[in-house]
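As written, the chain order gives the labels A, B, C, D, E and F, with residue 1 at the start of each chain.
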């Protein structure tokens, strides 16, 4: 029954990479906590680099350096 | 004052359906808990089917079956 | 497959009220969007009134007025 | 180490305004709680006005009045 | 820079299991997307079974069956 | 109408500090985006240090070093 939300910057993640993240997160919950994969939900949010900040700076600007 | 976040796959939800979800979720909080509708917020997130997984699989792939 | 997160202040919500919220939110998604209830998840977060603010003020203080 | 999520309607927020929000939220955590800015994350979500409701109504409709 | 939020029911998860979830989720992001582990954040939310619903029912009740 | 969610570790944050965070986040949205404070919601989540990870490690362990 777990719900996993993965939030990352929107920088060319492929459909196959997303599938690997979904499978990996689901397997983790099954292996560590014995959760039922049938009701394990994984949602990936891709966020524009203008909208993501760390250390007070936009990732868009950090990427230029 | 409640905040309700409805996360669904991005599969052609109409503006009218969104309005019905917003009204229905607000009414639910008013009826069950006596909350003030004026400050009840509902936010709907539509997520690409590549980014939503259940049972370790992408919804995009599950829809093909 | 929807995921609904209901965030409210922690002010004596009963187990029965929570069940009514869970049933009501699930029914809403089934009725409006034809979603499968079996994989519809509802999570209720109860938040201390010290930790919830509106109009720049803590709910704890607003409740005193 | 804090994580701040700012959710607003998608109504023409500029890159500069986003930078100001990121800087302001980071400074707030540093000043009030002495948090390390290097690991303070701020994520801004811009939500379509059809998908945001308050008082049971879509913001899209409220904006017309 | 990713942010991963794992939401599970509050049913006796140990400190060691939490550490394994944190390590596993971080490794997943590093391996699949080449993310920097130093700024990868994982937050686990444990939710009371009265507050978690699936298929319109409280997990507390589902556990009794 | 904004919704701001501040997630921090549960390490003795006082009621006054929470009030300062709520006021500061609300003012930020008013000043930068001209938002209406009356419907600006701020929610602070305090998370146990066992449940928060960075760089693949629990904050509980990082604090011991």
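Assume a residue touches a chain if its C-beta (ideal position, glycine included) is under 8 Å from a C-beta of that chain, and two chains touch if they have at least 3 such contacts.
Just so we're clear, the structure is a prediction, and the values are computed from it rather than from any experiment.
**Student:** What chains do subunit B and subunit D have as common neighbours?
**Tutor:** A, F
**Student:** Average the CA atoms of each chain to get its centre, and name the chain whose centre is farthest from that of subunit B.
**Tutor:** Following the centroid criterion, the farthest chain would be F.
**Student:** Based on CA centres, what chain would you say lies at the far end from subunit D?
**Tutor:** Following the centroid criterion, the farthest chain would be E.
**Student:** Please work out the Cα centroid separation of subunit D and subunit F, and write it as a whole number of Å.
**Tutor:** Chain centroid spacing, subunit D to subunit F, equals 13 Å.
**Student:** Report the inter-chain centroid distance for subunit A and subunit B in whole angstrom, where each centroid is the mean of the CA atoms.
**Tutor:** The computed centroid separation for subunit A versus subunit B comes out at 20 Å.
**Student:** Report the inter-centroid distance (CA atoms only) between subunit D and subunit E in whole Å.
**Tutor:** Whole-Å distance between the two chain centres: 25.
**Student:** Mark out which residues of subunit B touch at least two other chains, giving numbers and ranges.
**Tutor:** 1, 3, 7, 25, 39, 41, 43, 52, 54
**Student:** Once the touch criterion is applied, which pairs of chains come out as touching?
**Tutor:** A-B, A-C, A-D, A-E, B-C, B-D, B-F, C-E, C-F, D-E, D-F, E-F
**Student:** Please output the residues of subunit C touching subunit E within their complex, sorted ascending.
**Tutor:** 15, 18-19, 22-23, 25-27, 37-46
**Student:** Can you name the residues of subunit D that touch subunit F in the complex?
**Tutor:** 1-9, 13, 17, 20-21, 24-25, 28-29, 32-33, 35, 39, 52, 54, 59
**Student:** Under the touch definition given earlier, write down the residues of subunit D that touch subunit B in their complex.
**Tutor:** Per the stated touch rule, the residues are 7, 47, 50-58, 60-61.
**Student:** Considering only the defined contacts, which subunit D positions touch subunit E in the complex?
**Tutor:** 1, 3, 39, 41, 43
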